[in-house]
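Below is one structure, written out as structure tokens; comments come after it.
Per-chain numbering from 1; labels A, B, C and D assigned in written order.
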């Protein structure tokens, strides 16, 4: 299959969160199961949104629906590792954002896994796309690292 | 962002499994969380491998390590849905397989979500890639649907 | 520690549900992790409530909050087992119900694990206890098996 | 039903661990699902054992099998709470230990939930009970708080 690009480095990310692993994250092969990585992506993105007051889980008129995700796995993670999660925005569209997330084992500078996560921001009730508010767009720009400078959807 | 291709149909898949949803699959938005889809992928692929006697979780010299996964989400799934999981192989390499998985709500013919899952088959102890045995290759060919007829790695 | 009472039998239960196991249910010891049993309890009780039209996850004025749970583990369960979940009510109070749940491996008549689950039914908004409606009480009585005939709270 | 005893306090516990919550911990009711508490119990007990060099997940001749667990829920926890997990041993038997675990929201001194967790230590291969080694017994005594001074099984 196609040659894989190298894993990203800690310096490629703009915001950070630490997430503790759990016993049940390890599957029958004794390492963190491939599914768990997505739970860390989900928690990092939503945790950052809550911290920036851009998401109110129970109220708030706008929520982010996930339309696409992906992950590449480079090296094993396992309970009881503490995982550093790096976050950045790759693209900011009218109502959608493509986040990139890297998972790093404790003091490593090379990602053990990295993935992406596309959120479409919708009205909580109608679930129809809604433009990202300006204040949210400003916060997103602080973590934007665009490969090609293109920030249009 | 790029226009999305249409969701696949039930007729695009070759093997089937039924998976029951769980209360905790629904997140704070009342629908099946994006992470859970990968747990269904994992269970469908490994369940099929076990059924075909190609995987012995606790013994067996060869295991499949996941090197890449991805998912596109088209419509909501939610507990208590019963989910039909369609499976096929997209590519069979020397020691790796790219599976495609579709999640269908009960009697729908249109996938609610679809994803892929790349397994590299390795020696359980050394964790080094190991060619897929001929018997396994035969079973895989029964679920192979190649877009371009290319079955080489 | 205290001698343990024997596991219950299939004939001790009144309602049944089948739940498929998942790859990630198995932990590093290769068996279904002790946490997962509770996810099956939760899914069996709520699945039964939904089937009986006694719970509307997204609407409905009354929801069940869990105030106490417990489980005893007798023998191992593991993916890819299909698990038969037996359900009964042990006690029906004014606004609370104590359910008993048994987990059975495929065709076994002896529970591999059994537990209990106490729901207090509350107003969705105020989260204050609310008497169980008469129609719900009737459905519950169909699965009631009281050790001592006492159905008062 | 029986009157419930009051929740325990932070001063009732002897060892501590901090566990981050995840987006998927919140269920359709917007709070941490009752199942997740057990995942935190499991992670706290095993994390403490690993820290004390009393558990080697992948090697080691002795593992702890869970034979009984239970939890009482007093107040809601929810993502993105950071949870402080208090741990103590209630009873130390010949080959079993009863742990008590309290979950505390950030700076609260009153447990939001508390539970117990009975481990029987067995030989990894035969899965037969094996007496707890003296070094392990010493470490356990440091976190022992017995209600009645009885430390016999």
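By definition in this document, a contact is a pair of C-beta atoms (placed from the backbone, for glycine too) under 8 Å apart; a residue touches a chain by one contact, two chains touch by 3 or more.
Computed from a prediction, not measured in an experiment: that's the story for all the values here.
> Based on mean C-alpha positions, I'd like to know which chain lies farthest from subunit C.
Chain centre farthest from subunit C's centre: A.
> Would you mind pulling out the distance in Å between where the CA atoms of subunit A average out and where those of subunit B do?
A distance of 22 Å separates the two centres.
> Could you grab the centroid distance between subunit B and subunit D? Build each centroid from C-alpha atoms only and quote it in angstrom.
Each chain's C-alpha centroid was found; their separation is 35 Å.
> Averaging over Cα atoms per chain, report the distance between subunit A and subunit D in Å.
That gives a centre separation of 31 Å.
> Provide the list of subunit D residues touching at least two other chains, using ranges where the numbers run on.
Residues 23-24, 26, 28, 30, 33, 35, 39, 42, 57-58.
> Given which chains touch which, is the overall layout a line, a ring, a star, complete, or other?
Shape of the chain contacts: complete, all pairs touching.
> Quick check on the complex: what are the subunit D residues that touch subunit C?
1, 4, 28-29, 33-35, 38-39, 42, 57-58, 63, 65-73, 91, 93, 96, 98, 118, 153
> Okay, in this complex, where on subunit A does subunit D touch?
Listed in rising order, the residues are 18-24, 26, 30, 39-40, 42-43, 46-47, 50-51, 57-58, 78-80.
> Quick one: which bits of subunit C touch subunit A in the complex? Just the residue numbers, please.
23-24, 26-28, 30, 33, 35-36
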